[in-house]
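Multiple structures follow.
Below, chain A partners chain B and then partners chain C, in two separate complexes.
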Partner chain A sequence: MTHLRKPWWRDRIVGGSLATLAMLLLLSGVVGFVWLPSAQNDARFKGILDAICGAAGIPRGWLADAVPPLPTPRHVSTVVLTPDTLSHDAPGSIGRGGTLALKCTMCHGLRGVSTSETPSLAGQQSASIYKQLRDYQTGARSSAVMEPLVKDLSDQDLKDLAMFYGSLPREPARDLGNAPDIVAFGSPTRNIAACGSCHGGMTSKLGAPWLDAQPRAYLRTQLLAFSHGTRRNDTSAQMRNVAANMTPQEIEQAVEYYGSGR
Partner chain B sequence: MPQPASESPSHSDVAARAERRWAIVMLGIIALLVAMVVFTGLHWAMMPPSRVETVDPATLQLSGEFTEANLGSAVEPDGSVTVRIVGQQYSFTPQCIVVPAGTPVTFRVTSADVIHGLMIMGTNINSMIEPGFISTFKTTFDKPGDHQMPCHEFCGTGHQAMWANVKVVEPSAFTQLADHARRLTCDL
Partner chain C sequence: MIFNKRLVLAHFWLAFIAFGAAILLGEWQMFIRSPLHGWLRNADLYYRSVTAHGTVMGYVFPTLVAMGFGYAVSELSLGRSLIGPRWAWAGFILIVIGSVVASVPIAMGLDSVLYTFYPPMIGHASYYLGVVLVVVGSWIWVALMGVNMYAWKKANPGKPVPLPMFATVAGAFLWGWTAVGAAAELLFQILPVALGFSSTINAGLARVLFSWTLHAIVYFWLMPAYIAFYTIVPRAIGGRLYSDTMGRVAFVLFLVFSMPIGIHHLFADPQVGSGFKFLHSVFTAMVSVPTLLTVFTICASVEIASRLRGGKGAFGWVKALPWGNPQMLALALSFVMLGFGGAGGLINMSYQLNSTIHNTQWVTAHFHLIFAGAIVIMYFAIAYDLWPQLTGRAMTDLRLIRTQLWLWFIGMIVLTFPWHYAGLLGVPRRMAYYDYSGPNGHTEAITVIMSVVGGAILVISAALFITVLVRNHRGRTADVAPYTFSRAIHEPKSVHWALNGLGLWVGLMIALTVTNYAFPIWQLIKLHEAQVPAVYVGGDR
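For the complex of A and B:
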């Protein structure tokens, strides 16, 4: 029993194994955190501390000496949309928006359903309405009618309007089963996602409006403006990228499908 | 008093020898694995880059290097090229990326919404594009040519339509382009 009285770590086999394991760990650490990172062709992995921090994934700037970014032109959308942008609104927001909306009824209809070539707003995504209103205010989107109307409104006013129109009943969405290919499938080989993958039907995306039952003339004008690059308030060219690849026939098919019955 | 069989010295010697052999085999396996990591890391550049850098995905368009005006290829003072790309549902901006052959190129890519991916076909360039992080990777294209650059990380219902073109041109042609614009793309 004498060999059991020794503490376990002094046992030759146990102690030897532990020592070997510790050396292996150290060796692997040196390989993974110092040797291999230092072998990369990147100044920021050179030196022991840099190599260890880089391999451990410490966040830092990886492009120190690049030419400075170009200034942002004035007519670019500055709206920041997150899922929370419109969700923390004060109580009464919809009511205040309803009062402010009295100025809008002439074109957008008494209850947000337009009878002219202006878009219907009833049940529209609040985030989309807010973004467009802000863009009219900053000049990122231009309209001789809308710009003066929103010029003096506060940010909260815009949010209230967006909440009000978002709360109104929306026209029922159409069945995608009858949709033309451009709406239901897009054209993946030509870099065109289906309209329905952002604008409802399949899925929706924050900031992308519903298009169902919008006036045909409005839809056509906006799609053409995106495809010609004359409307540029889509963040990072999101919609211009798509519209620029669409053929005139596809634009017409999408307009026909989404356009209201009038 | 007779000893129990398991405590006889000859038996514990046998156990010790067996354990030592096991330990040597295990050590050998670990050493082999580490050696494989070293080999692939040094010769195949399989070491994960680990260039962690954060960015706010909601405000990319406002300031910093991912504003719309700053996307595309920029020529650096040392002659290398930095390409900045934003991935979003369901396209890359710019949609046509132009770079010179035989020149060090640094890609800086981020996402404005969900996780995307990027691979340049015919090369070993392959990276995830995560919102909140900037993916940085360096390469040199050895010859001119056209490559497709699909998103290879399922990003939503329009994923299959998300791809861009990478056009590698002669350095002289690139220089000519660079005389006319400070950020280059081959978008139509």
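For the complex of A and C:
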């Protein structure tokens, strides 16, 4: 059977469906974009247009005319690490870094493997090395030895050094099977993430250096410096928070685990 | 009859084998996170497992079931051989390749990003490409379902499209459109970063695009179950479908209301405006309309069956229902789980109440109860109903089937009820290990241990399910009666054109996607500050 069809827009079912949906859309739109936002007692959202724009999610500044934050009396890290930080290195970067690194061999070893209590740099993440060098330069991290050594180096010099050390072979990270709990699990209730979730073993994160086979004395000094707040170039205070919540035993366990390759 | 039996069987078997493997991962996750096991020393193993479990159970398994069932429905309800079987096989092979390409890097630990991708985390490109292949394979099915329905309509002008086919095509079109969100996220945002063309990603936009897929996909999973409610159960228990029209209305309403609601997954996301969150909340509530229509219609349909069997009284008819019939049992158990799951869902979709349970174990419990419970139990029922048609052998293990269904129901309740409670206590989801030494730890510990037991019951039930199917392949050949779908009390002679095709409703689905999604997407595309550096996973460790 063929029945004569009215044009679709004049059909009862179609018209009814469209009208119902349009009503629903309109009603919830009025409630969600006008009524509810207007009911919020927010000094910055007055008027219908303001309410609609706010509810639509258009970004706007709450603090535009507030007092700007006070400058801090200390040097803070200015390095912003992104996956691109060292990816646009100039050709020959590693070679130039190798030449510059002749100044570093006394403490950090001929090929980046330290035999003293300074950290080994061979195979270290380039981004981490670069960040620390920049922080020494700006005074965000202090060291009587390192600061004068990097003072006159250019930004490209620092990148070259980082690329050179990053290109050397590193001690492979160990499986976490025998790691102490603080390294493998951290402590969830005390807001301590597992060391291995950033520093290798489980996964690695940009800017978090490998810790395997670093000197015990160096690891201990740095953890204590973070926990006392005397080292503060971890941009979001993540290491200060972690170290401050670690017990002395946990610090020793972590030091022993990562330093045991020495 | 089913003309392409091998095609349908291939889809179902691959689905059920993948399901059988992934359920073991699920139970392992539950166990190692419980107090029965010490903390997992390498947490990445847990995230690999969650990624694999979610990818298989969320993408591969239901897609294959919907496809296999769709091909069967097309041939059985239209009474003709499928148009384009070669294309169908090509789609199947794409899904096989995609599954392998996605699962190998997951097992190697290169893609522990979870099946929701979680940008700005970026893993190895292979996983994303595998998921894309699975989606492309399923789009072939979407096209074939449309082609088969419209070819039949052309050959049978004025006749109503059989309800099972109408509903299957509604489900296919829903999936075709809803998969566009995740596909756009993968192709334009995640893959360029994974392949090294960019190192930043607009994480907020990626999340909005994923929400486009994330909720409607649930209704795509749901469609085969609803088709079974309307077109298999009433016939299997000797009754009649109360209303054919109600079925059509329910399916087109799902088509319209499944899409413009996904932002209720983003209530805690700052990059989406509160107005759109409220709008999506309202439209989510509208999904209850086709659900309640279905519950009413199906209850009326089984009441008819009962009264035909001599059931009497206002409630006495419930006793006279054929409870020994696996389809009746599956339906009842499914409805109970749908009821509880739906009630929990009302909390999730409410803009305010959501904040109490956001990202807690409640959410995981909710979608297990709805999907793994109410929906998957109907997948079992569909397989039990179709298997004799596919193998030419009678289904004789009715006792075993009933045991299997009951175990699935009991297991799912024991798994998810304590799980919801753990969420109310504030236990977050997707944690490789959990510290039970906190003030509420003993209560949390008990609920998680109960869930481990529930999971074990589910594993047993899944094993029984596979056993029943395998035993059927080895059973005696029998003369299997021709397959029929439910007949309505008033069988449709002619149907209004709007309910005999899907053009209008697909149009509305797209229109509502535009009203509810266009502005947030456009605004985030323009917001360049929203680009954030990628966080690569699966690199050196």
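Criterion: the second predicted complex is superposed on the first by the 225 of 262 C-alpha atoms of A that agree within 3 Å, B and C clash if a C-alpha of one lies under 4 Å from a C-alpha of the other, contacts with A are read in each partner's own complex, and residues count from 1 in each chain.
Following the convention adopted for this analysis, a contact is a pair of C-beta atoms (placed from the backbone, for glycine too) under 8 Å apart; a residue touches a chain by one contact, two chains touch by 3 or more.
Computed from a predicted structure; not experimentally measured.
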* chain B or chain C: which reaches more residues on chain A? -> B
* To do: In the overlay, answer first, second, both or neither for which of chain B and chain C A:Pro188 touches.
  => both
* Based on the superposed arrangement, let me know which partner A:Arg74 touches: chain B (first), chain C (second), both, or neither? => neither
* First (chain B), second (chain C), both or neither: which does A:Gly200 touch? -> second
* To do: Look at A:Asp42 in the shared chain and tell me whether it touches chain B only, chain C only, both, or neither; answer first, second, both or neither.
  => first
* Asked: Touching A:Val31 in the superposition: chain B (first), chain C (second), both, neither?
  -> both
* Asked: Which of the two partners, first being chain B and second being chain C, lies in contact with A:Pro59: first, second, both, or neither?
  -> both
* Touch check for A:Thr20: first (chain B), second (chain C), both, or neither? -> first
* Partner chain(s) touched by A:Val242 [first = chain B, second = chain C, both, neither] -> first
* Asked: Which holds for A:Lys151: it touches chain B only (first), chain C only (second), both, or neither?
  -> neither
* Asked: In the superposed view, which residues of chain A touch chain B and also chain C?
  -> 1, 3, 13, 17, 24, 28, 31-32, 36-37, 54-59, 82, 187-188, 194, 197, 202-203, 205-206
* To do: Would you tell me which residues of chain B are touching chain A in their complex?
  => 7, 12, 16, 19-20, 23, 27, 30-31, 34, 37-38, 41-42, 45, 47, 49-54, 58-71, 74-78, 82, 86, 88-95, 106, 108, 112-113, 134, 136, 138, 156-158, 160-164, 182-183, 188
* Structure fact -> chain A contacts chain B in the complex at 1, 3, 13, 16-17, 20, 24, 27-28, 31-32, 35-37, 39-42, 44, 54-63, 65-67, 69-73, 76-78, 80-82, 186-188, 191-194, 196-198, 202-203, 205-206, 235-238, 241-242, 244
* Asked: Within the complex, which stretch of chain C touches chain A?
  -> 39, 41-44, 157-158, 199-200, 256, 271-279, 282-283, 286, 431, 433-435, 437-438, 493-494, 496-499, 504, 508, 512, 515, 519-520, 523, 527, 529, 533-541
* What part of chain A is in contact with chain C in the complex they form? -> 1-3, 5, 8, 11, 13-14, 17-18, 21, 24-25, 28-29, 31-33, 36-37, 52, 54-59, 82-84, 87, 173, 175-177, 179, 181, 184-185, 187-189, 194, 197, 200-206
